[in-house]
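Common to both upcoming complexes is subunit A, partnered first by subunit B, then by subunit C.
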Partner chain A sequence: MNGVGGGREERGPEPGEEPPAGLLEEFGRGRQRALARAISMVEDETPGFEALLDAVHERVGRARRIGITGPPGAGKSTLTKELARSYRQEGLRVGVIAVDPTSPFSGGALLGDRVRMTELASDRGLFIRSMASRGSLGGLATSTREAADLMDAFGLERVLLETVGVGQSELEIARTADTTAVVLVPESGDGIQAMKAGLNEIADLFVVNKADRPGADRLRKELEIMQRIRGGRDEEIDWEVPVLQTVASEAEGVGELLERLDAHFGRLRESGALEARRTDVRVEQARSVLLRRLERAADSQWEERRDEIRRRLASGEASPYAVAAEMEAAFRREMAAGGDPARS
Partner chain B sequence: MNGVGGGREERGPEPGEEPPAGLLEEFGRGRQRALARAISMVEDETPGFEALLDAVHERVGRARRIGITGPPGAGKSTLTKELARSYRQEGLRVGVIAVDPTSPFSGGALLGDRVRMTELASDRGLFIRSMASRGSLGGLATSTREAADLMDAFGLERVLLETVGVGQSELEIARTADTTAVVLVPESGDGIQAMKAGLNEIADLFVVNKADRPGADRLRKELEIMQRIRGGRDEEIDWEVPVLQTVASEAEGVGELLERLDAHFGRLRESGALEARRTDVRVEQARSVLLRRLERAADSQWEERRDEIRRRLASGEASPYAVAAEMEAAFRREMAAGGDPARS
Partner chain C sequence: MTDRKYRVLVAKPGLDGHDRGAKVVAAALRDAGFEVIYTGLHQTPEQIVSTAVQEDVDVVALSILSGAHMTLFPKVLDLLEEEGLDDVLVTGGGIIPEDDIEKLEQRGVGKLFGPGTDTSEAVDYIRTWCEEHRGDGAGRE
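Take a look at the complex of A and B:
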């Protein structure tokens, strides 16, 4: 085991190959380049990436993770930028992970004129990263959590996760934040739609952004009524889900949002729920990592027989279920024979 | 092996327990109740569901699958309803699968006043089903494909898949349709956003819905320019991605949409690409089924040790990576010992 994990109890299996020499050291010395490289390793599943995550694991847990989620066009990026700016003014080091492919954070030049990122780009205390959807099942939620872990271990004190609040993987990501703000705009439809999209399940705060537009007050009232009817209350931490209004483009309402984010985190910590919920996230993460390992092992077997599988499925001589059952049996035989499909 | 699959080549492993007695027979006799029950089995992963899918597999492949995708609020459900109605008027049997949790198809009474589904509800040639997001990784795309297979095998001739065109799982679902219409509205942001969300990769047609609203022409032109610049052309089947305009609530433009859907399917069939692409989907399906089986096997081991795992992760004595590596080793030992974690 490398560096950081040395003090931990002895255990049998290693989480994989070692991380590249020098990277851990550079990471430990706070080089942004090392953080960028580490996140790329996670995204690309470069051999050794799990050992890297394992090695820095003991440093994870100091950052506060804040989810900013909502439909496309709700102004999440602008709000995220304002939050990042405010935290920077407090002297805190900030990480931003944008999972929305339509986010200006993800887009670089194309939408660069909308959100002026240049003012932030030169700030050494701010690290911005966008995550792309990859092919692997559940890969996005798992690797986004890992990118957040890396930022946390690196010493960033606030990690802002900007995600589109529509879609299975995307809701899963939001669930890993300590506090999630769901951002809606008058145009994004009514409160009932938000509820049905599952947004009320993940919202610790609602933010009605672009609150200077028609319909903003109506949406806020709808959300408030919905909260009362459906129970917008987190009993465990004695928290009433508030509905705030912002005009992110003018930085209006951001101060109150910051206060409420602090208040929510305070409740989490004082009630003891913070640790329990973070443990839930770690348990889910361990399970996802196990499944990713099995997926990798299965895929390497799959690749070997891809042409034959394709031929049989094309001719209709076998169903996908027959093929899957055969492959599972082969996978089991391989394991029983002491082989390791993933590393062969 | 039951019924339908009997003529197939001999093979070793079976895809699981047998489907409930009587269900296959009722399904074969065209009882809607049997179709509904079969889809529920798939959603719930009831023992025997894979055997059921295997048994009906030879009847799959006659339906045309049409994806209707786009951001929330684009009017996908209304358009889907109009397409369903038109196909019914042609005497075709139609299935609708709504994966969007905010869809009126999923919502029943709550939004029932918006889209009057009652006129369709009493039609025996129309089968409507909504699919919910489940916990399992990639589960939504896989089970949605399976629900479409069941409708296809049941004899429905058009299967309309309504999905939110945002999110990883959701784009995956859209990719399984023969033809995908991406529905946008002037309010849903510009064409560049659509492109960045990956929608241009899955669009065989663009539909600018609510075309009577301001900005519709501008959006159409933007999409057309984007198509020219980015190559909105499917060379393999000699297909130029068209940009149509509709006012779904008035059934305007639906006739042209139907023609273009037919034209696209015609190209697919004549070029030979249809079979190749459907085989790609079957290969992906087989791989997903294998991963689902491994996930199930891993989960049953996981459950046995959940408390111990949680305790060790909570105390920080182990990282999620160490836990995953240990569990993988245990999984391998179990298999090597001839055990079967999934069935123990």
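Take a look at the complex of A and C:
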């Protein structure tokens, strides 16, 4: 239980600056404020955040992660709320990460997913965090996954990841979740559009929400046909992608959705695919952390010489390629000399 | 090299059913580069504080038109303090008499804005507070 922190000496290079001392202790004691601060550190890349993630890593891996994705207005938040409520009734501790888009104009964001979760807002067994996509897709994937890792390490048993609902972030979050439900509504268009959007490549389940509206049965049939044509199966775990119908606002069909989520997770676990896939994610995570660190180090050198670089490029004495090559050589020399280019 | 974003909770406690003002302020803060957590109507002080904890906000902005400001603001302050979040700015707006504003400010509430306030005034106040009390002012693009 108290394995957080400590025993760092024999483990080789430090993953960066230490996190604030009190934070890990509070985190270990299960204080929500500490989890909240930890997530902010990760989002803001506050110095020490990687050491923090490293310190809690051995506690990651117990939570079941469920991705909920689909177009805006499909009812993702309402469905997320219903799932959260059901898991809470089972006595499970639940985390929700709801991602909304950052405005490309101001860099600000209006995070409104809590509006639909108000009735759950004072339940201490439920931790809801709104995240802004903050522009970059890579950043979104990395920090959302890391926030989920923190919730997992904190002891939350189900982590529900609700995506922005536009663009490519779906694919990234689907990779973070063990099971991904794609939510559509009759107004979302036909099965072909879902196929064009690549949704059938990420769906472990399809949910046709607002199924009391006209067109729901037709969409369901189209999705089923599409699944048959495309071979909507996950062969490795012998899973046929189901198409379910819900009316999330009335909690209709949520029971069946829960059963299918359980069934999918069961297949993942029994087949051994769960561990293999989670390991794949960790491998990819190590790579993206490395790239992030290198980028940060390179950026800090870059900032130092920005004015000089600008002058040389303005006068035409050097090309962008020559400048980049020269910077890289300097960077490598510093690394070889054992310095930390990020700290200089 | 941190990219600090200031986070503001915009909440509407109490029973009155108007959240237009709160929505206008939320949108203005978004346009000014803040990350705004908007929670909608009828929030209890407990819900507001629980949200403030989980969302790790720098500022709690309350819109109160119901006349219950003398109970709601102090309650939110007390609960925040219980959670160890006494460094969070609590500000807001609504129909609040001058005398009450003075009492609330003495109690630890930040600036309060009456009806007809230009939203940019509230946004500037929140931004200035954040820059003075939270970090180096970096990371605002």
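In the analysis below, the second predicted complex is superposed on the first by the 274 of 344 C-alpha atoms of A that agree within 3 Å, B and C clash if a C-alpha of one lies under 4 Å from a C-alpha of the other, contacts with A are read in each partner's own complex, and residues count from 1 in each chain.
Methods note: contacts are C-beta pairs under 8 Å (C-beta built on N, C-alpha and C of every residue); 3 or more make two chains touch, one makes a residue touch a chain.
Predicted model, so just to flag it, every value in this text is computed and none were measured.
Asker: Could you tell me if A:Ala84 is touching subunit B, subunit C, both of them or neither one (first, second, both, neither)?
Answerer: In the superposition, A:Ala84 contacts neither subunit B nor subunit C.
Asker: Counting residues of subunit A in contact, which comes out ahead: subunit B or subunit C?
Answerer: Of subunit B and subunit C, the partner in contact with more residues of subunit A is B.
Asker: With the two complexes superposed on chain A, say which partner A:Glu43 touches: subunit B (first), subunit C (second), both, or neither.
Answerer: Only subunit C; A:Glu43 stays clear of subunit B.
Asker: Tell me which partner A:Leu24 touches in the superposition: subunit B (first), subunit C (second), both or neither.
Answerer: neither
Asker: Touching A:Leu161, do we find subunit B (first), subunit C (second), both, or neither?
Answerer: neither
Asker: So which positions on subunit A get touched by both subunit B and subunit C?
Answerer: 102, 106-107, 110-111, 299
Asker: Taking the complex as given, what residues does subunit C use to touch subunit A?
Answerer: Touching subunit A: residues 1-5, 7, 26-27, 29-40, 42-44, 46-47, 50-51, 53-56, 83-85, 139-141 of subunit C.
Asker: Can you list the subunit B residues touching subunit A in their complex?
Answerer: Those residues of subunit B that touch subunit A are 5, 8-9, 11-16, 50-51, 53-54, 57-58, 71-73, 101-102, 106-107, 110-111, 133, 137-138, 140, 164, 166-171, 187-189, 192-193, 196-198, 275, 279, 282-283, 285-291, 293-295, 298-299, 302, 306, 309-310, 313-314, 316-329, 331-332, 335-336, 338, 340.
Asker: Which residues, counting only subunit A, touch subunit C once they are in their complex?
Answerer: For subunit A paired with subunit C, touching residues are 32-33, 35-37, 39-40, 43-47, 102-103, 105-112, 114-115, 118, 121-122, 124, 127-130, 132, 134, 296, 299-300, 342.
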